[in-house]
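Order of writing sets the chain letters: A, B and C. Residues in each chain are counted from 1.
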Amino acid sequence: MRRAIALSLAAAVAGPAAAADVLHLYNWNNYITEATIRRFEARCGCRVKQDYYSDNEELLAKLEAGATGYDILVPSGNAVETLIRQAALKPLDRALLPHLGNLRAEYMDAWYDRGNRYSVPYAYSITLIGYNVDRIRALGLPADSWALIFEPRHLEKLKGRVTVLNSQRELLGAAMRYLGYSVQERDPARWEAAKRLILAAKPYWAAFSNSTYIKDLAIGNIWVAHGYSNDMFRAREDARAAARPFAIDFFTPKEGAVLGVDSMVLHKGGRRVDLAHRFIDFMLEGENAATLSNQIGAGNPNRAALPHIRPDIAANPHIFPGAAALARLEMVRDFDPRTRRALSRMWTEIKVR
Amino acid sequence: MNRPTDRAGIRARRAVSLPPLLFLLAFFALPALIMVGASFRHPGEFGGLAPLLAAGGAGDGGLTLEAYRFFVSDTVFVEIFARSFAVALATTLICLTLAYPLALLIARSPRRRRDVMVLLVILPFASNFLIRVYAWIMILGPLNLLYTPVAVIVGMVYVHLPFVILPLYTNLEKHDPVLLDAAQDLGASTWQRFWRVTFPLSLPGVFSGGALVFIPVLGMFAIPELLGGTGDILVGNLIKEQFLESRDWPFGSTLSIMLTFAVLAAAWAMTRLARGRRGAV
Amino acid sequence: MRRGWALWAFSLAVYAFLYVPLAVVVLFSFNDSELNAQWVGFTTRWYARLAGNADMLAAAANSIAIALIAATCATVLGTLAGIAMQHYRVRALPALVLIPVAMPEILLGVSLLLFFRQLLDLTLGFVSIVIAHITFSIGFVAIIIRARLEGMDESIFEAARDLGATPWQTFRHVTLPLIMPGVAAGFLMSFTLSIDDFVITFFTAGVGVSTLPLTIYSMIKVAVTPEVNAVSTVLMSVTLTMIFAAARLAPEAVRRPR
């Protein structure tokens, strides 16, 4: 036992010391394929070490308190804005990114990083509704609107079979879009309306869930879930692979929804700017960018990736929205501290009532 | 033995108390002070803390009681505290009820068997927390109990059970069988022997085991999140939300300080109760 | 005798409660279905896949090493703290020992991270995780030890002293043997606390040093495959083997010397 300790201690100490050419990637789990990493390692003659986070807030809290050593992060738009304003990022050197031109203009030059000085879009997802096709068809419910999770007249038939995201901004955003407002809405009267809408629907929901809904949908416990397009894609594939006696599908509500674009950025605490640029440019090559969409059904901002993406994924309008649908999608932008506090109080009330 | 006066005794007292004292001062008290300080600051524009000296007269520098004012501005927060204490109390009582007989059995088993029985208690906890909770999802789902308050309690009890069994066992194991024999000789029945001898002697174990469940339950957020329904929110969830979702560190610290005070008050009340009981016996 | 029977039946039921979810975990690590919703068929492919998953194996090795070191240190410090509280009535200790147990782990995690980075400028990694784990485990050990010592006849210690034993001899030959079951229980508790911790580890872990809970937690969002069940099963087997090996190699450390 003592030897085991000594050995693992030695490994722990030797690990970082021996790392001459290592790129540290702080990423969402399962957000790059193993094969892609291997290909990059072969090309650059280096190693890629990944650590994972499971939401933007975890990433921000950890960096805010002083974590360093990560070369590349993959935060969503609002977190990119935060990191830029905190001067936590290094600017990109465009001369080292010859494949930047592969990206589609719609996903460039976003409000959080005008001129893309710091960020390169990597993938995106839409917060939408996933549902059990057979159940919803049998119940004769509409699969095109947020009404499915908010209207008591529909929910009566779905009691205990619906989950919504355990996220203040996502749920409020959905309610706001349903009421015809923006997800950035800050008018107290409209917040109040959204709160009433949520409270009226809440008794019919089974739970607030950020992770278990994938399995619940695929198993059949839950018939309607508010969640991310990647997750719904996964639930659909899982249900198919397990030959469940029903099908899972997903739709973007006609009222519009939240769009989450994740970008690659360079953290100021990173040590290998050279490798980081090589990695970003590698991921911009169409063939490499496509692997992620093929594996997890992520939306892809890379034009050159399209020919390499499975046709059924590339043709799915809820993964690759057309121009009209894209116009109805909104990215979440962070509120100021006072508004965040007010929202947190409203959220707590929603949970307790 | 409280205050040794001889030199060897003083040296021994120092040797025993200094290492844990210094360690906890350095790695617990100092960091905790940072957080106490945080509760008097303004939240930073993008999370974390606002700088003490506000740049450009933004008005958010310096120290403030705002987080505390916010805490008392709405009954909803106190309501969550009360609810969490109720859940913690229920969990503690169920844990004690389940753990006591088992701990007693282990303590009275032959020594060879005892080690194995203790290991059997702890072994499930060498697997992973989330995996055990997921296993409960698979069990509770078909029973139609998933996403209910019952599921939260079951999860809480399951996760904390060894933390009562071990202190109880440690306490019960030291009881002198001579006492029980004496009671029997005096004609006491099995129940009388238990209630008059064993149970009063085991109270320190009951209280320490109870504390090791009650307190951690209050800060737990994963179980309500994964097993609970739409109304199952505890202080732990509220605090986690402040640090992550709302990025309001000052309010998160305030909530934590309030919770710590509430726990210490409960612990103090328990100690009083324990002393009272022992005095009566 | 009838009561003895009832005690056994009840205890077996409690053991069953402890082991039913575990049986589910182990059983479904052999299930031939990625979704793992119902039993499909027997396979060992998740173990094969686990054997090829270097990240997860490294994380598991880290977890075990951290848990062993942290539990050992926490047991020593916690035992001392327990004795100091009970025998010497050191005033500052009860609060210092109790509050880390009472403090929500997320607060402890954030405060340690701030402390390590902004006050000590320590590079996060193995050491910072170990320190954090010791910090939250000490209290658990101290509380057990104190409960063990409480109500013990203090005349034993006085007798030892009167017989001319030095404080060290008293500790070695009287106190330690008396509290040994508490020490062992405290170690086991610290070990499980450490090997299972997610929140505090998340904040104190640095680049490239991951533990099993960190790896698994980041997976739950997207891919809880039976591989995770497999790694749990392996972890339990390893723990079991280690404990039995320890019992074999150093029986006096596990069993109570009399």
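As a working rule, a contact is a pair of C-beta atoms (placed from the backbone, for glycine too) under 8 Å apart; a residue touches a chain by one contact, two chains touch by 3 or more.
Since the model is a prediction, treat every value here as computed from it, not as a measurement.
Taking the definition of touch as given, a chain qualifies here only if it contacts chain A and chain C alike; those chains are B.
For the criterion of most C-beta pairs in contact, the winning chain pair is B-C.
Our note on geometry: chain A versus chain B, Cα centroid distance of 35 Å, whole angstroms. We define each chain's centre as the mean of its Cα atoms; on that basis chain B and chain C are separated by 15 Å.
Shared contact sites, meaning residues of chain B that touch two or more other chains, fall at 243. Within chain C, contacts with two or more other chains are made by residues 110, 114, 217, 220, 224. Counting partners per residue, chain A has 58, 61, 65, 210-211, 219 as the residues that reach two or more other chains. Those residues of chain C whose C-beta lies close enough to touch chain A in the complex are 33-35, 37, 40, 55, 61-62, 64-65, 68-69, 110, 113-114, 116-118, 123-126, 202-203, 205-210, 214-215, 217-224, 242, 245-246, 249. Residues 1-4, 8-9, 11-13, 15-17, 19-21, 23-25, 27-32, 34-35, 98-99, 101-102, 104-106, 111, 115, 118-132, 134-136, 138-139, 158, 161-163, 166-167, 169-171, 173-174, 190, 201, 204-205, 207-209, 211-212, 215-216, 218-219, 221-222, 235-236, 239-240, 243, 249, 252-253, 256, 259-260, 263-264, 267 of chain B are the ones touching chain C in the complex. On the side of chain B, the complex with chain A involves touching residues 42-48, 50, 60, 70, 74, 76-77, 79-80, 83, 137, 141, 146-147, 225-226, 228-231, 233, 237-238, 241-248, 251. Remark: chain A residues 55, 57-58, 60-61, 64-65, 82, 85-86, 160, 166-168, 202-203, 205-208, 210-212, 219, 221, 334, 336-337, 340-341, 343-345, 347-349, 351-352 touch chain B in the complex.
Of all residues in chain C, only 3, 7-8, 10-11, 14-15, 17-22, 24-25, 28, 76-78, 80-81, 83-84, 87-90, 92-93, 95-108, 110-112, 114-115, 119, 131-132, 134-135, 138, 140, 142-144, 146-148, 150-152, 154, 157-158, 166-168, 171, 178, 181-182, 184-185, 188-189, 191-192, 195-196, 198, 212-213, 216-217, 220, 224, 228-229, 231-233, 235-236, 238-240, 243, 247, 254-256 touch chain B in the complex they form.
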